[in-house]
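Chain lettering (A, B, C and D) follows the sequence in which the chains are written, and residue indices restart at 1 in each chain.
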Amino acid sequence: MAWEKAVLTGAHFMSGDIACAEGAIAAGCRFFAGYPITPATEIAEHIAARMPKIGGIYIQMEDEIASIAAIIGASYTGLKAMTATSGPGFSLMQENIGLAAMTETPCVIVDVMRGGPSTGQPTLPGQQDVMQAKWGSHGDYEIIALAPSSVQEMFNLTIEAFNLSETYRVPTIVMADEVVAHMWEKIVIPPAEEINVVNRKKPNTPPQKYLPFMPDDDLVPPMACFGEGYHFHATGLTHDEHGHPQTQSSEVQTKLVRRLCDKIRKNADKIIRVEEKMLEDADIVVVAYGIVARASLSAVRKAREKGIKAGLLRLVTLWPFPEKHVAKAAERAKAIIVPEMNCGQMVREVERAAKETPVFHLSKLGEEPHTPMEILEFIRRSQQ
Amino acid sequence: MTEAVEQHLLLKYLRASMMPHIWCSGCGNGIILNSFVHALDELQMDLNKLVVVSGIGCIGRAAGYTNVDSYHTTHGRPIAFATGVKLANPKLEVIVISGDGDLFAIGGNHFIHAARRNIGIKVICANNFNYGMTGGQVGPTTPPEAITTTTPYGNIEHPFNLVHLAAAAGATYVARWTTLHVRMLTMSIKKLLQRKGFSFIEVISPCPETFGRRNKMRTGPEMMEWFKKASVIEKFSDPAKAEITTERIVVGEFVDVEKPTYEELLHEKMAQIMKEGG
Amino acid sequence: MPERLWRTPLDIEKVARPKAEIHIIKDQCKGCGYCINYCPKKVLEESEEINARGVHPPRVVDEKKCILCSFCTAVCPDFAIFVKEKQCKDGC
Amino acid sequence: MMEGEIRIGVYVCHCGLNIAGSVDCEEVAKFAGTLPNVVLARDYRYTCSDQGQELIKKDAKEYRLNRVVVASCSPRLHEPTFRKVCEEAGLNKYLFEMANIREQCSWVHLHDRKAATEKAKDLVKMAVAKAALLRPAEEIEVPIIRKALVIGGGVAGIQAALDLADTGYKVYLVEKEPSIGGMMARIDKTFPTMDCSICILAPKMSDVGHHPNIELLANSGVVDVKGYIGNFRVKVLKKPRYVKEDCSACGECSKVCPMVAPNEFDAGLALRHAIYTPFAQAVPSTYIIDMDLCLNKDGVMVCDKCVKACERQAVDFTMKPETVELEVGTIIVATGADIFDPSALPNYGYGKYLNVITSLEFERLINAGGPSGGRLIRPSDMTVPKRVAFIQCVGSRSEKSGRTYCSNVCCMNTIKDSLLIKEHWPETEIYVFYVDIRAYGKGFEDLYRRAKKEGVIFIRGLPAEIFEDKKTRNLWLTGENTLLKEPYRMNFDMVILSVGLEPRKDSEVIQRLLTLSRTQDGFFMEAHPKLRPVDAATGGIFFAGCAEAPKDIKDSVTQASAAAARAGILMAKGKVTVEAITPTLNVEKCRVCGLCTKVCPYNAITLNKELKRIEIVEAACGGCGTCAAECPSDALTQNHFTDEQITAQIDAVTEYDADKKIVAFCCNWCAYAGADFAGVSRMQYPPNVRIIRTMCSGRVAPKFVERAFARGAAAVLVAGCHPGDCHYINANHHTQRRVERLWKKMEQNWLNKERLQLLWVSAAEGERFASKIYEMQKIIEKVTPEEIERAKKVFAKVGGT
């Protein structure tokens, strides 16, 4: 069925997980493999109900390793594919996220963050996986990670994630959290034609000439799929443009790994999205993402009412890290506050970008996310 | 005699640029690959509809050597990957060629579940009784008392009986051959390629370099002689009794049944749901 | 039937035997010896020469003895040998 | 039976002059009259005639006879006849006894009337003594399985199978070759009608293939037979064909098969492939792989050309031999004959001279479907011969070949062949060298005349030798024309050896499995040459075709139909009565030692450990009596062969002149039959032997022998079937054991153990029996009265007079 018909245009009241699922469908995802885990399960449940109606595939695999492996396979067979999980499952997926990066596989992984480490607090929110998202798999590689802070964004950013992963042939991760995932809100799904959907680049060379890992100027190679007659090989081993293993050549290794990183780094400006609120004259800049950004915004507003020049820099893109935006905000700011539901992860990146500007971390673990009051209080104190 | 002026008859099925392969002298993997491409040739398979997937280990290179769409996954995951491929495009013939360690140790879970679901993928397992690529460690099929680099005093683990495992897990076609039964193997592979459901062939394969050498079979031919002496061909005998010992290796077909595949049932359901849906 | 069969069958000439053409891609050979060991007609033997891989590739002893069963082709792990039927007019 | 007075009627038969010729029957009858319990004794010309039978019935009523003794021929011949008479006379048939005064008396003592008469008296006396102790008995009935086994798929086997199947019985036809058809399928034309052999055989073959009642087991052999008449359990080994029945016989596999060998069917004159069908009309048509030839013989599938060539995927190298178990009521043996191998006669140069061929090779050459497409050609140069010689009796009627019998078909076959040559190449000069031309059958003589009219020259006198002309490869025949009494030396382009038929090399196997007997020639022996020509001595088994003796096609088919009819009679009845000669157990005497269970060849006696008792399964009992002989406490009695009865016979023999007599115990199947055979062949031997018949030599308890010696017998003979031929599987092993024990005892007591002789003799070895009696005669001449007395003492305790 044409994907337009699959788009549920109109205003809805739904949870973040469901919105995420609808976003995937709207983005053209037609393959989902997953494994039940709180708080991401509802994504699988909703997809399981929707896919058959729109000719898409849902399969529940035996574990998260199988799930990610399956979506890589599906993606190589030409379908847009996604899996959704939470911390424990995300850990299991790491090796194959590396494989996806190595074989430049477009695919989307949703990680609904909960309290860790280990089994931790399945039903409470967290932001403890943001570094794992970047560094979780072994070896050097780049991925893209987005952090939605509302149900509407669960929808929008899932579409965004697919577009980016298709554009750059890179695994893209939606870093949601338990609150955003389980929260019910009104969302508006635009008419299909107004939704921007990007599809991967196809080769325009004949099969015999096709080099599966020969990049264009944007450093991204066009992607043929299984069954299209290109008879190409892909491997997790270091490989040349033919996709043939080259396990002994440092030259090939350097060339390949650099490109895998550069295709993201060099395109960072095109990829990165942030939301800036009242930053023009802000002395105190709150840098936040996900659900915490929402409390931060009302805290900033309250601060302004009280005459404090506060502003908010919300990171929509976590990876690649919006370094420039932080630096810019840091230039005139007296202090930067980073509230996070972890013991201090993104704050390190902020510190790195903020140079001399003092950066304060507002850490919170378990129970509820930061309240506006807590953040406001922190803004006040940080004035001194 | 005629000097080899021309190319090997079956070269078109191989990635010439990757030949000769990396496998040791006397390694059975080459025979399995050979048998596989023989089968492709005899069936005149549509190579555009063929996907070969392999995991990690010596035989894992097989995917790269076959000149069709192919993918070399992480250790243990070829079946999970293949499941994605098959479901994404059921028209494709998806073959997993991998080793006993990859498929039954690290990847064992995926094997039994794919068999249980009856996903229409075809699995050929080269069983060489050890981890060859890492230098010959004990594996899930290493025979009792066998010497490996990690069982220097003899193996005390009970090995898997792969055909029994496959049958129990629900595979619709199960066979075992040795690399000496290459004719039967080719016939079996042809059968495998023409079936719908999850199908499995175990190929007992000589590994003189890292296994044979430590177990009184220094060369490939010595290991092949073992296969020759010990092999008994049984017809659809009880896989539970299909032993592999110094004296006796039970080979043959064990299971050949038809049952609806996962993808068939899935698409049936989808058709039905869509009809009701609109 | 227990009679003693001692005569040369009258049709011995008529029964056509296909002529074989054995191709050995020497440098592909890794010298495992399978083709030599399992040739039912013992057509092959190990040669003295040493190939690019440092092993002794097989050599044809007597091509006429080959009955084209092609087992060597099937059992070779290295795609180093194959047999074709000699396509020749009534020359050979 | 409980009645008091015993009233025996004795009938001494003249059998024309067969008996009366050398026995004074009146005197014997008079003598019989004097014997205890005898109320009536007559001599009569032909007792077996209707009048004779009526007379017995009449007397039985008039004189209230309750026992009947007939002294005439062998009970093996007429016991059934007279038993029937008794029954009609209202007497239980087990109250009848017979004295064999023909085969074992008059015929073997033709020239000593006095001795023969005395012996006859003794024999009658023995019979009367036993008769007095006879008891009526009821026979138990055993159901007959309504299925038949036919061994051998030649024309005889085919005919027998079809007849039985058409009657409605299930038939298993076992053929060891890949196809049925046998010799007839290989022959070009049949005599005397000259029709095409395969043309008339092929339809029958395919009938067999399609018949719903026939299960064809080709490429198979019988490996084990257990049980008894009506209830045989047969194991058949099916050798693998390596081709499944899905085979459409398209022949594509043969075309691609790289391996070839001479085709047995064409006598090696043409090639076949490793995967092949022996001939076009083969049944089953399914191809077969000759594994000895196939490249895949050592388990490794090296070559798969046939597999690939077979559209139906019928080739299956994984096939294994399988053993099928059959249960049948009757068995027909149609195993055929082999061809004599003339290379045994070096003077004819077969195997050395290319142009010397056998008649069978000729058949293949002259056959349009054969290797030469029907052209008779010289193997040496493929030219058509101008001068052809046939040599008769190659492997028949000659001491040199070890085959003294006439092979029966060769004369007519040669005449037929000569006419075939004339038909195709009239100019050919044909000579037939013969001993006698035997054209005895219907239309045979006409064919013989025709051949002579066509110019075939018959020369009496076989060539002594054949020489080959090295250059021309022609052949020189030298010999003597015995009519003209002049030597000949003639030159021929080709010589055809008319080879005889001989018993199958593997006849012993079938013989052992079915406990059959064979004649000196080695062919299977029928129960009676005149009256039961297709029955085997063993119940439920019948013969058809050349297995029994060399025959032409017509006779084979005739005998096959006869055998089928005989088997059919049994199966139609559906049940067979087992002679009431099974053992009965005296529970009081039985000490439950279990020795009997150890010797019973049929496991018909078992030891019930729980109930601590011996149990007898009558239906399974073969009636050998070995158990009765083994029982240390006389608890087992074999009906109709009780200790008392046998002892009475011994006592009767040894009443007078014991020191001059040989007491012989002969088993019914071999020894007694052998003695009969000596009589039938009129072999003369000393008259002082008295034969006591038991079913098996296993019945002969040591105490019988001891009794005989204790009563002063000069010598004792225990005779049975050759080891391995025992009709009760292996019962005669025990005979040997017991006799050896007796010998030891005699030695220990300084007795001449030669006085006890053990003889293995087959039903065909009359000669052997006779010479044994001569031998023993010599022995007893040396036996001194003291020796006799010593023996009496030694055995008195046990045997006890």
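Keep in mind that, in the parts below, a residue touches a chain if its C-beta (ideal position, glycine included) is under 8 Å from a C-beta of that chain, and two chains touch if they have at least 3 such contacts.
Bear in mind that the values here come from a model prediction, so they are computed numbers and not experimental data.
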item: Each chain counted as touching chain A and chain C at once; value: B
item: Maximum inter-chain contact count - chain pair; value: A-B
item: By mean Cα position, the chain sitting nearest the middle; value: B
item: Computed distance of Cα centres, chain D from chain C, in Å; value: 54
item: Length of the line joining the C-alpha centres of chain B and chain D, rounded to whole Å; value: 61
item: For chain A paired with chain B, centre-to-centre distance based on mean C-alpha positions, whole Å; value: 38
item: Separation of chain B from chain C, taking each centre as the mean of its C-alpha atoms, in whole Å; value: 29
item: Chain D, residues touching no fewer than two other chains; value: 300, 302-303
item: Chain A residues counted as touching two or more neighbouring chains; value: none
item: Where chain B touches two or more other chains, by residue; value: 180, 183, 186
item: Chain pairs that touch, as defined at the top of this document; value: A-B, B-C, B-D, C-D
item: Of all residues in chain C, those that touch chain B in their complex; value: 21-26, 28, 30-34, 37-38, 53, 55, 59-60, 63, 71, 73-80, 82, 84
item: Chain B-facing residues of chain D, complex; value: 298-304, 307-308, 317-318
item: Touching residues on chain D, where the partner in the complex is chain C; value: 177, 258-260, 262-271, 295, 300, 302-303, 305, 338-339, 341, 343, 351, 354, 358, 360, 371-372, 377, 379, 382, 505
item: Footprint of chain A on chain B - complex, ascending; value: 15, 17-18, 47-49, 51, 53, 61, 63-64, 67-74, 76-77, 80-85, 87-89, 91-92, 109-110, 113, 266, 269-270, 273-274, 277
item: Residues of chain B touching chain D in the complex; value: 42, 180-181, 183-184, 186-187, 228, 231, 233-235, 252
